[in-house]
Amino acid sequence: MNSFGRLFRVSVYGESHGNSIGVVVDGCPAGLFLSEKDFETDLRRRKSGAKGTTPRIEFDIPHFMSGFFNNTTTGAPINIQFENSNTRSVDYLELRDLPRPGHADFVAMRKFGGFEDYRGSGHFSGRLTLGLVTAGVIAKALLGEINITARLIEAGGMTDIEKAVDKAIEENESIGGIVECRVSNLPVGLGEPFFDSVESLISHIIFAIPAIKAIEFGSGFQAAKMIGSEHNDNIINIDGKTETNHAGGINGGITNGNDIVFRVAVKPTSSTSQPQKTLNFKTEEMEDLVVEGRHDKCIALRVPPVVEGAVAIVLADLMMMEDKIKRIYIQDDE
Amino acid sequence: MNSFGRLFRVSVYGESHGNSIGVVVDGCPAGLFLSEKDFETDLRRRKSGAKGTTPRIEFDIPHFMSGFFNNTTTGAPINIQFENSNTRSVDYLELRDLPRPGHADFVAMRKFGGFEDYRGSGHFSGRLTLGLVTAGVIAKALLGEINITARLIEAGGMTDIEKAVDKAIEENESIGGIVECRVSNLPVGLGEPFFDSVESLISHIIFAIPAIKAIEFGSGFQAAKMIGSEHNDNIINIDGKTETNHAGGINGGITNGNDIVFRVAVKPTSSTSQPQKTLNFKTEEMEDLVVEGRHDKCIALRVPPVVEGAVAIVLADLMMMEDKIKRIYIQDDE
Amino acid sequence: MNSFGRLFRVSVYGESHGNSIGVVVDGCPAGLFLSEKDFETDLRRRKSGAKGTTPRIEFDIPHFMSGFFNNTTTGAPINIQFENSNTRSVDYLELRDLPRPGHADFVAMRKFGGFEDYRGSGHFSGRLTLGLVTAGVIAKALLGEINITARLIEAGGMTDIEKAVDKAIEENESIGGIVECRVSNLPVGLGEPFFDSVESLISHIIFAIPAIKAIEFGSGFQAAKMIGSEHNDNIINIDGKTETNHAGGINGGITNGNDIVFRVAVKPTSSTSQPQKTLNFKTEEMEDLVVEGRHDKCIALRVPPVVEGAVAIVLADLMMMEDKIKRIYIQDDE
Amino acid sequence: MNSFGRLFRVSVYGESHGNSIGVVVDGCPAGLFLSEKDFETDLRRRKSGAKGTTPRIEFDIPHFMSGFFNNTTTGAPINIQFENSNTRSVDYLELRDLPRPGHADFVAMRKFGGFEDYRGSGHFSGRLTLGLVTAGVIAKALLGEINITARLIEAGGMTDIEKAVDKAIEENESIGGIVECRVSNLPVGLGEPFFDSVESLISHIIFAIPAIKAIEFGSGFQAAKMIGSEHNDNIINIDGKTETNHAGGINGGITNGNDIVFRVAVKPTSSTSQPQKTLNFKTEEMEDLVVEGRHDKCIALRVPPVVEGAVAIVLADLMMMEDKIKRIYIQDDE
């Protein structure tokens, strides 16, 4: 349930305020050299601390617990673990009777009978996305020339992101945003017929990221308003290059060699400093709730490296399915 | 690859112009009574023949090949098969060097080395969705009081669907549309943490349906423009009923007891009667192509029962995961 | 549940006296040429009719329902179906209250609430092994030079199999046997660490064959009586060739390049013409039961091609895992 | 690949001389109380130190890294980790050109291109079985009244185990053994038709245990020499109790309510203090090899708790499949 992938298989574990959170990657080819340093950029991009993000700062140092020998993957399962040091669980204790609107508090309590670790959203925390970013770094290394870039193209309904964040801080409100991802240098033929279409696999993993509520490939919702001869992308060379890219690089669920392009909608952070109405499950009466704790004004700011990691995981798996990534990693310069 | 689900597991097989197409359902509880008649309504809704749909008419009679005894499921794998009778493969033979824009012709040729059954899009054909509808009928029966309704809410950019279809016919063009699906009477707690969120599973299977290019849950893309206190749904009773439903019935990937609501974008049918430019892979020159054959002007018209079936499959699986559907089916009136 | 394999995935369906039985193979590479004739030898070896086997004769003609085009695999799911023509279900109707000793009657009734198709053991019938043999023929074709040979080396405790069968017929009793399987020309390195060891995967599928009750690799049970320096196989060349083969070609769960050797025990056919005692579940009293119907005196006679097929399925999957079988099949002579 | 199970899913990671080894259990019901103390007995039984076992002593203290809150399972993935403290890797460094007979050295080098962690057999080490024992403790707790007992019934060909061990020490040789496992208080109906028979699942996981080379259920190999009326177990009451238990508690792959009984053969420890011949892969000449390091004279002594854990994992999974273990654990006394 907490695993994804067929050959390059990623599993996450951990809770926001527990001992640790981490990720296990099973099926990674042997022979891939990676040092702690290789994880730095993407982990830093996901990290909080910038304007609009939560003041909870974790060091996020990846500990290689297994699957590496001399900084090289061995072919055995990789376990990379992160400590949770900067926890202030006391914030959450009093919320047990007051499920926060927009959060998983209520559904978690019902699904797990009250046994869930509720501190800081526990296993439902966005902190779990560390696993996606970490596995994504490994996947990106395997993908070689394939380039994945995600960026925030809209926040709070505005394209000037900085202005949007300033406004949110000023109004003491949380805002959402739209992240666009583009993948280039792809081979033709990734993806499997029917259930394991590229769109199916990407959307599956993308919706594992907390706060994502929508995804569209290529022209997406706009496609519904187009006519066929307008939407169809004319093929103009024998590698499958098309004149336009309304399909977002995917036909019949299979990559067509053009860039994969998709956009996702990130809802506003559920934790907002504004008072909200919610039910007190003990008194069964409505109550004003102000969610304390340290929160992101615009969680969407931190989503791009997570989206990139998620897509890299899907593509590494599909590349292995097609024998384009071997079980023993071959360095580029060989 | 052509299978989906953990406990209620659906596999599809077949090609548009091959011997047969069908679906295998493994893990369906024993004891569910179903006659051929129970499949009629949804199969008819998916069928062509109405204005705006292809003139290729298949009888679409479900043949129960295994898993039924005295019209009752046995607990063994169910194989339901459909014959392909009304095939005119000759239409497709000459297209081998001219991959149709928007279709899977090019990617299929590259992925399967030219060995694919190319007639009528072969295994990539929308005809394969018969399997989703068929398995969906079984799933719906298991779901009892849970109600799933999908309908076309927009076609060709218009909300008056009939007018949109008339216009498409008049202009001899294909159009897309938007299908909205609503699921009511759901228990709290369906869905698994992280990778198997309800959104992940629904989007995974939805993108198996040819021509779908986008999906949004609840407020979807609109959520990206909202602020937190506006998007959050206030809980107003102890069953988790919320005042609004911006979340589309799902928090943290888990059903919250409110209606699941999502919308999907259907691109315009790739086959259009308008001339298009494409590459002749033999001559390596651009050529005018008019796609002959019998096609849907608005494939979106036939999508609602497919979406319903797909969602029913996901929910039946999740209900079994939660022990809410037993391995021996219990009739309502018992 | 009725599926096996990761990349070369085999699913079975059907019942002994239902409409059909068959097998779906998902993930088979495209481009493999196979005619009905290629299935003949193994299907005939599995067939009844010889001395010691049941007089129920089925034609066992494979119908290619999907996944083939011009007698060549397309990369789409292959469905091969067999008709059940020669059924005499009346034999089984009166047994509902008298579960036959050694059969699955009792457990099936309890597991499936009486909804199971009980005729001729239904889905539990040995007839389902047709699927293993059929998928095995495809797998063997993919395996090329890898040679799999299973043979009955003992029946009724005797190595002279013919004599054993004569004795069983004379005494009107059923007998068991031991089948030995040997696989040669294997590459080093098949199998996955820990849970997916070669022994794990082979034994998993082998125990799907009805009537198998034991398996041993290499020296097997005899190994438990040996000392280390005696059991260890000395490596004598750089391809890993060993002096002896006590390990049965597998170290640490991975093929070592020497022949895989294993033996399985087949219990005597549960249906015997001798009167047996069993409980009448209606009267709750013990009763004499003589199992009518047409049965094998020595089902072990028909097991070798099934064992071969089962092993071929495992190996084809592992060869695909190691990129040694490509997704587009390459003919030997190319 | 390093995972097993459908609903109660167990994954192992780690290497003998790496940072840590551990186990992730995904899908464990919420609400199960377990303290470190509950793991003590089985971990101690598996531990070395007794006569005939290796002098390498690890503390084997389970660290709960995730999935527990107030010593109770939360429903989120459980990660239990063990440190490797007592490592003497220097012993193994010089063996790189001299693959030890009977070990996975050669196959690992070929499969993973020399990138594997070779110290102390790395990921192939018997130390990985800690994960099975640990997950097994959790599984046993879930199984409640179901009782699993494995014991060594033969070592070095003798039933007096102590004498066998003394002899092995005296002769400075390693020996094998036979472990018998019995499971009582089982419900009827566990196991799935065809591929997921109880024998299939048990043998699959049992062969993940290093050094196991054979398994037999009930009468096992002896069954091959019996006649039908002798082997068949007469049913004597309506709960399915049988007079004899030649079937080992399983018919048609499904539990019949009688005890599951099986035996496994453990080969002699591959590391023996006797000099052996092996190929030097550098010089390509045969060489005498004496395997230094600390080893078990009779690894079979430590196998019983591992077998129990492995079987408990299978049964917990099957019990969840049958809704007999709920997703929220219900304490016995409630």
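Chains here go by letter, A, B, C and D, matching the order in which they are written, and residues are numbered from 1 within each.
Quick note on the criterion: contacts are C-beta pairs under 8 Å (C-beta built on N, C-alpha and C of every residue); 3 or more make two chains touch, one makes a residue touch a chain.
Predicted model only: the values in this text are computed from it and were never measured.
Separation of subunit B from subunit D in touch steps, taking the shortest path, is 1.
Distances between chain centres, each the mean of the C-alpha atoms, put C farthest from subunit A.
By number of C-beta pairs in contact, C-D leads when C-D and B-C are compared. Computed centre separation for the pair subunit A/subunit C is 44 angstrom, with centres defined by C-alpha atoms. Averaged C-alpha coordinates give centres for subunit C and subunit D that are 26 Å from one another. With centres taken as mean Cα positions, subunit C sits 36 Å from subunit B.
In subunit B, the residues touching two or more other chains are 1-3, 12, 75-76, 111, 123, 193, 327. In the complex of the two chains, the subunit B residues touching subunit A come out as 1-4, 12, 99, 101-104, 106-108, 110-111, 121, 123-124, 128, 154, 156-157, 168, 171, 173-178, 188-189, 192-197, 199-201, 203-208, 210, 212-238, 240, 242-243, 246-248, 251-256, 265-272, 274, 276-279, 281, 284, 286, 300. Taken in their complex, subunit C has these residues touching subunit A: 6-7, 75-76, 193, 321-323, 326-327. Subunit A meets subunit D in the complex at residues 1-3, 9, 11-15, 18-22, 24, 26-27, 30-31, 63-69, 72-79, 81, 111-113, 115-117, 122-123, 327-328.
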